[in-house]
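In the two assemblies presented below, chain A is common to both, partnered first by chain B and then by chain C.
== the complex of A and B ==
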């Protein structure tokens, strides 16, 4: 039974604000409807070390202050951060959309049912897109603007703040994938996803608090050693050598992957996760670009070989640092343009968000690799045999590329040409559902967060993926979800592993370029090997 | 009484226009922000499916046609139709739309009264059987606007608290101010409805009142109409304290946030603005940010502990 949670419950010290029970969750199609297990409970020891009183789940793991003075300092520090959000110097980056969303939302709740996390959870009140903004609004009214108590009563904007409520708020900011589906339906132009990000920003930029996978082992590690995966330039060289051998083995083609080739037309930026988890994506790009005669290169410069920019999820300064280093790598190579491989958040970060950070010589033209792939496929330069992809294929739309950038059709035109059994999910395109791993979720592996990600934030995607293949449920029919984004692939891997989707339904996941290469008529054997990983 | 009515009306109009202008100016004065577009972007060529110029290879070498008229129409039509509500919560829409139409049409009614009164001063007779076509048109429009405003507004003001209380999501986010508004606005619309139905079926009194406003001659009106007009003036003064500016700011948010896909080209005005913003100093307190650095300096620095100077400036 869903416990009705009011905003006032949020600040009550002590117990958990919401209880997540599998019986409440949105139903999945059979046989997956019988598989849900309660989320892993934190151990006593973990509960001592981190506050889990939001929903029993931990993404950040914040130790609550024990002394009253510490608690006061914690709250004061947060409030100082809230003030900085409204400072045009500290937050020019998002002040206008933030101000608009806080000021003009009429709390009509139309956005709630657009939110996959809220709906999939069985409509838990705490996951309403409006919950985070409302808490922030009340904090501002009570502690920043210090409005008169009567006015606060009239506006129901009072709140009694304590450290635990703030820790819950910090955690709650990491129950939103920033997919912005809620923002899309708002007729007033308010953006509750942005507010999730702004709350994350206060915690990171003011208090140094963020999930360790996102900050310490994420953007900090990327700046320090070159990649959030920990991959150093010498390790990159080894991996590329291995990749070339793999290509030769699979295709018989001797392809030299160009690295640091000065003056190239294109610097290709891959999410370094591909190098380690899905090298076939990197191989397919190399095969396709080689066959099409593209003048391209990779960079081996620190940060220049990992397209990720986790700052886009939580911290403007970390964002700017990484974007600057990407642009610098391109400038050092003297390339004409930067092309982003199959990584959604890297697309959004480098092409769109960085557009108002990079100026002068660092403002090098940047584009998605998808239109280029479409150009190659449609040009007829490469002989493609769609018969090689004659299995059911559906397409996942990564939010960052599609709803947030408007790259909708190139991938579809490609699939219509090379995949005879291509079918859409419902809904799709700019109305797609997030994979559930967006905004850093796919990389957060600590505590019981992965459980929440598979059971709640990824639930809607799992359902619509299964629905797309409802005409061929048997595991004997091999099916392919095309997810042109590393992050989304990570989430698919996790979802499918949790529910045993490969074994039960024969659904495989992979990128777009792999399907193109799989259709290349001159390859002796199929490129896609259907080996689960 | 007539003089008081004229003074109050002028104060109300000047007040609402001034406060709305201040609010809109405040919105517009906020600095250029990072791009945060959301598709579909209606001025785009491929807006039907939400496509953008990023779908074209080497997009910066291609034309980027923008259809601003279409965007404007798209944004404005929702003020009158609110389709997303119809799609997602039809019962709520049933009350919300008339509630909004009440606002829009009561204001349109008064604006039209002003023009009609100007025409009357110029010799036009406003009536269904006016010898001048213009008089007949004005009469028809005025009647239509008033009927939609009074009936729609009254219906909306009764329905809104009911649906707010009945729907858990709406109820838990409702504030006392909402219920006050429903009650106050109900009196405004219902008083107008009453004086129209019971006393002034052709709405001639409003025209007299507006002629009085234009010619600064205190009109002699029925007390019920006077009551409604006073309430309407207070309504105008109160409106800017509600979230009603959203009629305007939602358009700004569409054009300047959601659909703002203006790329930053080297040497552009935008680039100049951005350089100024990036030169500003930061004051965030987290360990990876050095207080007092500009955005540019912060971005160049790594923010790693070993590269930070010993002392932190405050």
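== the complex of A and C ==
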């Protein structure tokens, strides 16, 4: 049973603001309707170390301050961070959309039903896209603008702030995937996802609070050893050698993956997680580019071989550090342009947001690999046999490429040409639902966060994907979800494993370039192997 | 920091049970930990083959190897890997081998 919750519940000590129960969640199609389990509960011992009083779930795991002075310092630090958000010197990048989104919202709640987490949870108030902004608005009214109590009463903008409320707000900022589906439906152009990120930013930049997978093991590790996976240049060399062997075995082609080739047309930036978890994506890129005669290279420079830039989810400083290293790697090689492989957040980071950071010689042209793939497929340079992809295929639209950047048609024109049984999900394109693993969620692997991600934030995507294949539900018919983003693939893997989707429905997931290579008429055997679920 | 007690010794682990002090790893550790990762009975030669492979690779390259590479080099398939380590190669096998938890978009 869902209880109505409001702002006042955030400041109450102890307990939980919301209780998540399977009976409330959006129904999945059979046989998946019988599978829901309650989320794993934290042990008593864990609850002493980590605050779980928002919804029983932990993404960050904050230890609450125990002494009154500590609590005051905690709140003061946060408020100092809020002030910085509104200082053009500190926040020139995002001040304008932040100000707009906070000031223009008329609280009509149209955006709520656009949010997959809110709807899938059974409409828990805390997951409304407007909940985080409202908390921030009240904090600003009461503590930053210090509006007169009567005005606050009239505007209902008062809040009695404490550390407990802030810790819950920090966790809540990690219940939004930054998919921006809410922003798209807002008639006034308010971007509540941007506010989620600004809140994360205060916690990270001002207070050093962020999920460890994203910060310490993520962007910090990337800058230190070269990749958030921990991959060093010798490990990269070992992986590439393995990949070349695999290509030779699968295709009979001897292809050397170009590394540090100076003056190439293209520096290809791949998510390094791809190399470890889905090397066939890297292989397929190499096979396709080789066949099409593309002049490309990878970089073996630290950071230059891992396209990820987790800062885009939570921290401007970390973001800028990594973006500069990426651009520097390209400059050192003297390439004409940078092309982003199948990684959505890296598209947003390098092609869109980095425009604010890269100037002069570092402002090297940057583009998505999707239109390039389309050009290759449409050019007729490679013989493609769609008959090789004669199985049901649907397409997932990564939010950052599609909704944010408007790369909608290239991948579809490719699929219409090479996948005879291609069908769309409902809804799709810029209206598509997030995989539920966006903004770092797919890599946050501790405590019970993965449970929440599979049960709540990914629920809509699972339903949508199953619905797209409703005409061929049997596990005997192999089906393919094309998800051209490493992060989305990680989320699909988790969803499919949790619900046993391969076993029950025969649905497999993979990238776009793999399907193109699978259609290449001169390969002796099919490129896609259906065994690595 | 959470701790885990195995065969009379205490180890520092992260919230998901990955060993924090990598030099504390021993064969007894792996043996005693196996049941937590849903492995029945004593570790077999095949388990040790995977564990040793992981440790060697980790010592050389500082990360866990690609699953594809484990399978190829050890001539086993994914199914077998999951039979040996029911909680999966990235969790169970890496934990028993005393590797730190895989990070990044893997």
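Definition applied: the second predicted complex is superposed on the first by the 533 of 533 C-alpha atoms of A that agree within 3 Å, B and C clash if a C-alpha of one lies under 4 Å from a C-alpha of the other, contacts with A are read in each partner's own complex, and residues count from 1 in each chain.
Assume a contact is a pair of C-beta atoms (placed from the backbone, for glycine too) under 8 Å apart; a residue touches a chain by one contact, two chains touch by 3 or more.
Quantities reported herein were computed from a predicted structural model and do not represent experimental measurements.
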item: Touched partner set for A:279, first chain B, second chain C, both or neither; value: second
item: Partner chain in contact with A:318 - chain B first, chain C second, else both or neither; value: first
item: Contacts of A:7 with chain B and chain C, given as first, second, both or neither; value: first
item: Superposed model, chain A: greater residue contact from chain B or chain C; value: B
item: Which of chain B and chain C A:490 touches, first, second, both or neither; value: second
item: Contacts of A:423 with chain B and chain C, given as first, second, both or neither; value: neither
item: Touching partner for A:445 - first (chain B), second (chain C), both, neither; value: second
item: Chain A to chain B touching residues, read off their complex; value: 4, 6-7, 77, 80-81, 84, 87-90, 92-97, 99-100, 103-104, 106-110, 112-114, 125, 128, 130, 134, 153-157, 180, 183-191, 194, 204-208, 220, 223-224, 316-318, 320-321, 323-324, 337, 351-353, 355-361, 363, 365, 367-368, 370-372, 374-375, 402-410, 429-430
item: Residues on chain B engaged by chain A in the complex (per definition of touch); value: 27, 30-41, 44, 46, 49-60, 78, 82, 84-85, 88-89, 92, 96, 167-170, 172-177, 180, 243, 245-246, 249-250, 252-254, 256-258, 261, 263-266, 270-271, 274-275, 277-278, 280-289, 295, 298-304
item: Footprint of chain A on chain C - complex, ascending; value: 2, 14-16, 61-64, 66-69, 72, 77-78, 101-106
item: Chain A to chain C touching residues, read off their complex; value: 45-46, 49, 61, 213, 217-218, 221-222, 225, 227-232, 234-235, 238-239, 242, 246, 271-277, 279, 306, 308, 343, 442-443, 445-447, 486-487, 490, 531-533
